[in-house]
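What follows is a single structure, and I will ask about it in a moment.
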Amino acid sequence: MGYESEATTVALSGVIAEADHARTARYADDAGRVLAAAPKSQRQAGHHLRELVKALLLAANPLFAAGNTTKNFNLRQYRLGRWLVAIVALFGSAMPAMAEPGVTDSEIVIGMFAPLSGPLVTYGLDPVQTAQMLYEQVNQKGGIHGRKIRVVVEDDKCQATALVAAVKKLATVDNVFILHGGSCTAAVTAAQEFITREKIPLVMLVAAGDPGVFPPTRYMFGSFGGTQRLYAAALTEFAARQLKSKRLAIIVHDDEYGNASLATAKAVAARYGIEVVAVERVPLNINDLTAPMLNIRAAKPDAILSGAYPAPAVLVAQKYAEYGMTATPLLEMTQGIPTASVFAKNVGNEAALRNFYYSWAQNDVGDEALRQKWTSMYKSRYPDREPGGFMIIGVPSTVAIIAALERAGPNLTRERFVDAMETLEVKHEVMAGPIKFAPGRRDAIRDVNVVKFDGKTQTVMPGIYSWNGMDGN
Amino acid sequence: MSPIILQAIASGLVTGCVYALVSLSLVIVYKSVDLLNFGGGELVMVGGYLALLVVVRFGFGYLMIFPVVIAVGFAIGALFDRIPLNWIRRGHAPGTVIVPMIVATLGLSYLLKGAVRVIPYTEEPRRLEPLWRGEPLFIGDVVLQWQDVGIVAVTAVIMLGLWLFFRFTLLGKALRAISQNPRAAALVGIPVTTLRMAVWGLSSAIAGIAGVLLAPKLLMTPDMGSIVMMGFASAIIGGFTSLPGCVIGGMIIGVVQNLVGILISPQAIAVTPFFIIMIVLVVRPQGLLGEVIAAKKV
Amino acid sequence: MFGAPTPRQFIPIAILIVLGLVLPLVLPQYFLYIGNLLMMYAVLALGFDILLGWSGQFAFAHIAFFGVGIYGTALLQIRLGIPFVIGMPIAALGAGLIGFLIGVPATRLRTVYLALATFAFAECAQWVFRTWDSVTNGTDGVRIPAPRIFGFIVEKDASAFPVLALILALVLVSMLFLSTSKFARSLGAIRESEHVAAVSGINVAFVKVLAFTISAVYAGIAGGMYTLFQSFVSPDALDVTLLVLLLSMLVVGGSGSIPGVVIGVVLMGVFPEILRFAPPRLLVWQEFVYGLIIVLAIMFMPRGVWGIVQARAQRKTSLAVKHELMEGNKEAQRYPDGIALLDSRFDAPLRRPASAQSLHDGR
């Protein structure tokens, strides 16, 4: 931000030329000394400006200057002066005047954002509250290297414009240390250029964020619930190895999620020698799946891979049962099943789930004790809210941030934080696999469980299914 | 014809009936007060959620759904007409009153959507159990659910009832009079305000019923209201002033969508109704069965 | 007001340019970003108003032209290397061309059908943006590189702000001239009654198509403005939500007048930002509040905030005249009937039928 301080200094110093030379030579010396001293940091620049204004005021108004130097200068004499200094102080505070934004000796400020209104609230409120809960636990234990974590939360409505506004407010008005948030891939990608330019680390919350992490950029970390590529790869591999499938049918949406999963599924299928016999790309708001399901049935697949969102996923399962395809295994990617029991109730047909599997990157499925532990932890903190299925996905990103903050040490800067994140490999009871980054890698999770769900019981299939980071890329 | 095409047509006819119900509710309002109700979709959504509430939350039987939905739907519609719309009417000259009223219906749609969205229960998609259950019905190779048959039956009954009402009863004629020339109708002694309110109430009640029938077939989310566009498309194809027209229009859209999905690509399904709207309005604005639109004299 | 624009009307534009140069030096990026958004919305809404407010055409295709402007400017730069200064006018003219093509059939349709047909067109356009992968990258969206203007790279909000202010100033100047032209008078006549307008010698079809075209060009310009300060565009941004936002700006601020539209843009554009101060749990009520604002605004402020301001001003003038006549003029006392007539007229309620007012309204 040197540009702003230099500009104002240059602008204000024009005043000196107007003043009385003889009387002001002394005061111009003061001003000159101030100008000559190069600001060592922005904090000093603000201070220098204030001194400069005092010098200029003296220079410009010789009548009041008699007997004053900058040292015993009394601003109270000048109403105008007070206004000028106030404006200059505004200049000063508008620039990030701290050594490292968001970090003081006693606290670290984290800016969170998620959809707290609009259609995707279920991906927003619960994960944010889970994260806040975990940050509070850390604070209760004394904080990180003596600093408590303070959270500022904004609503991004899962829309690009609102998300960018929220991010810019957190960064330039609240001066947060890092950004933690984002549940919708397309919206989060819109902020990438800004955070890369301003060098502010952004750790995604729930978003898979495929276009934000491929190709990887230094400051953006994501995919704490797994990427689209991961779900597609894992389920395709499962179909190949466990179900011995040879003919795969794929149904996805025609958005960037769908594109990514389709490409990866095809690549993994090729690797295992599976033929892709049908590809159906359907609109987001589709409410009659007759056509795609009939097309798929006609292609006679021995496994069906679906990347549908929650509402269409139910319709897929229903139509699949209606058209008598339940002998063929149906594999659904994570985003379609926020809460398995609700999914089953919506499908309303036990026969439809005879051969149903889905991917899930967390361990709370099939491990009732774990699920109870986290649900009751959440409910004791937020008694008036019943957590939805995505509550648990607030955990991995928060755990990663806390670990990286610890690792970055007491001398905390954004660059140190990014370096710490890059070397992270964290195993946590909630995740099926480790959270891992690397210099060329910004997607956190590459391992999932595959779960067989018959409407009542969830059985975790043996083995963890992983994505090698290459297929379909 | 291949069994796939037959199935597509059959399913399309059923979905089309749902669209037809939505468009029936829209056309009733149009026939009576010459107004597009952009909030119609949300009224459908509210009907569906009410049904969910009655059955799931309060545990009443299915038979209770209809009286509750009809009553609440009627109330919302009537209130909306009585308060905001009447106020707007009083403040504007007849020529310029349409635009603000349409904007008000848009506001209504957000009001309803926002009110429903606040309830945490609505965050995840929900489904209502079908009213008519049982093993699917097979006609040759074609599969139909009993719920589908029910939808078609209810649509036919409602359409017939409304058609008879508008054509042959005094009340129906009075409503058509109001739409053609409100001042003259008032002069002749028709209680315009009350009847308008009743029409709005009726239209909202029908929209609510459409929601109840729809809920088992689709998933309930607060954003279901986008189905209003299908309703408009059906009404345009069939003719905005014709009730049998909107049913036919709805079925055409349902079938064409499925056929497009099979023969062209499922990606094109989303754009089909809009494309049809544009083409029909340019080529034959009165639709299949509508009256030819004469410009209103001022 | 008809006739040439007065010099006084240019003062706000001058202030705008000054602010455009000064504010980036002072404000944090967040405020500059919001400012950029508002300026872009202002151009978009002003163009929309030409159809909705000036000519009473309920045409909802505006977002499609906006999209053409965005994708056009961005893709011309990425694919063909055409710089912003040339690319944006081309994209805006392209949008205008499409507006013309839509206008020709659209002018035959009545209000409600026009609304549906143009809305359908906007949805089709969004579908094209989503599906035409080879050109628009479909749902993956397009990353917009920072435009270069005469060698300057416009990257940060601070650098984009003065450029946007300049473009908005030029748009406002053109709107000022446009709003006092014969074109605007013809549109006003058409809004009141197409029959009377036709009979008075206005070529209704031609003027309507011209309105469509000009409105689309403004939308295209707004699209170019988008590329100046946003780094990413995807078809999701061009949906019904944006249309309803624009409509609410016009409804709340006051359609048909430039100050009204600008007020509406500021109020509805800043509204979501003000909501940031609300507790997070309450944010989910936003849509409901939004709907309430729309319904209440259209009920109680049919001519928007600006309409209320104008009505107050008129009422003050009327009251001043009345007092002048009654107290200052002894002669008037001799005609109590006349005074009674004056009384009733000047005490008339603020809400008057819109059509009676509009012909005498200032702009």
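Read from first to last, the chains carry the letters A, B and C; within each, the first residue is number 1.
Here is the rule we go by: contacts are C-beta pairs under 8 Å (C-beta built on N, C-alpha and C of every residue); 3 or more make two chains touch, one makes a residue touch a chain.
Note that the structure is a prediction, hence the values are computed from the model and not measured.
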If a chain touches chain A and chain C alike, it appears here: B
B-C or A-B - the one linked by more C-beta pairs in contact: B-C
Whole-Å gap between the CA centroids of chain A and chain C: 34
Averaged-CA centre spacing for the pair chain B and chain A, given as whole angstrom: 41
Chain B and chain C: spacing of chain centres that average the CA atoms, whole Å: 32
Shared interface positions of chain B, touching two or more other chains: 117, 267, 270
Junction residues of chain C - those touching two or more other chains: 131, 284-287
Residues of chain A engaged with two or more neighbouring chains: 117-118, 121, 254
Of chain A, residues touching chain C in the complex: 4, 7-8, 90-91, 94, 116-118, 121, 125, 128, 153-155, 159-162, 164-166, 168-169, 171-173, 186, 189-190, 192-194, 197, 211, 254-256, 258-259
Parts of chain A lying in touch with chain B, wherever the complex brings them together: 117-119, 121-122, 254, 280-288, 290-292, 294-295, 298, 310-311, 314-315, 322-324, 338-339, 342, 345-348, 385-386, 388-389
In the complex, chain B residues that touch chain A: 4, 7-8, 11-12, 15, 117, 120, 123-127, 129-130, 136, 143, 145, 217-219, 221-223, 226-227, 254, 257-262, 265-267, 269-270
Interfacial residue positions of chain C with respect to chain A in the complex: 25-31, 33-34, 37, 130-131, 138-141, 143, 155-157, 230-232, 234, 236-237, 241, 272-273, 275-276, 280-281, 283-287
Sites on chain C touched by chain B in the complex: 52, 56, 58, 105, 108-113, 115-117, 119-121, 123-124, 127, 131, 191-196, 244, 247, 251, 284-295, 298-299, 302, 351, 353-356
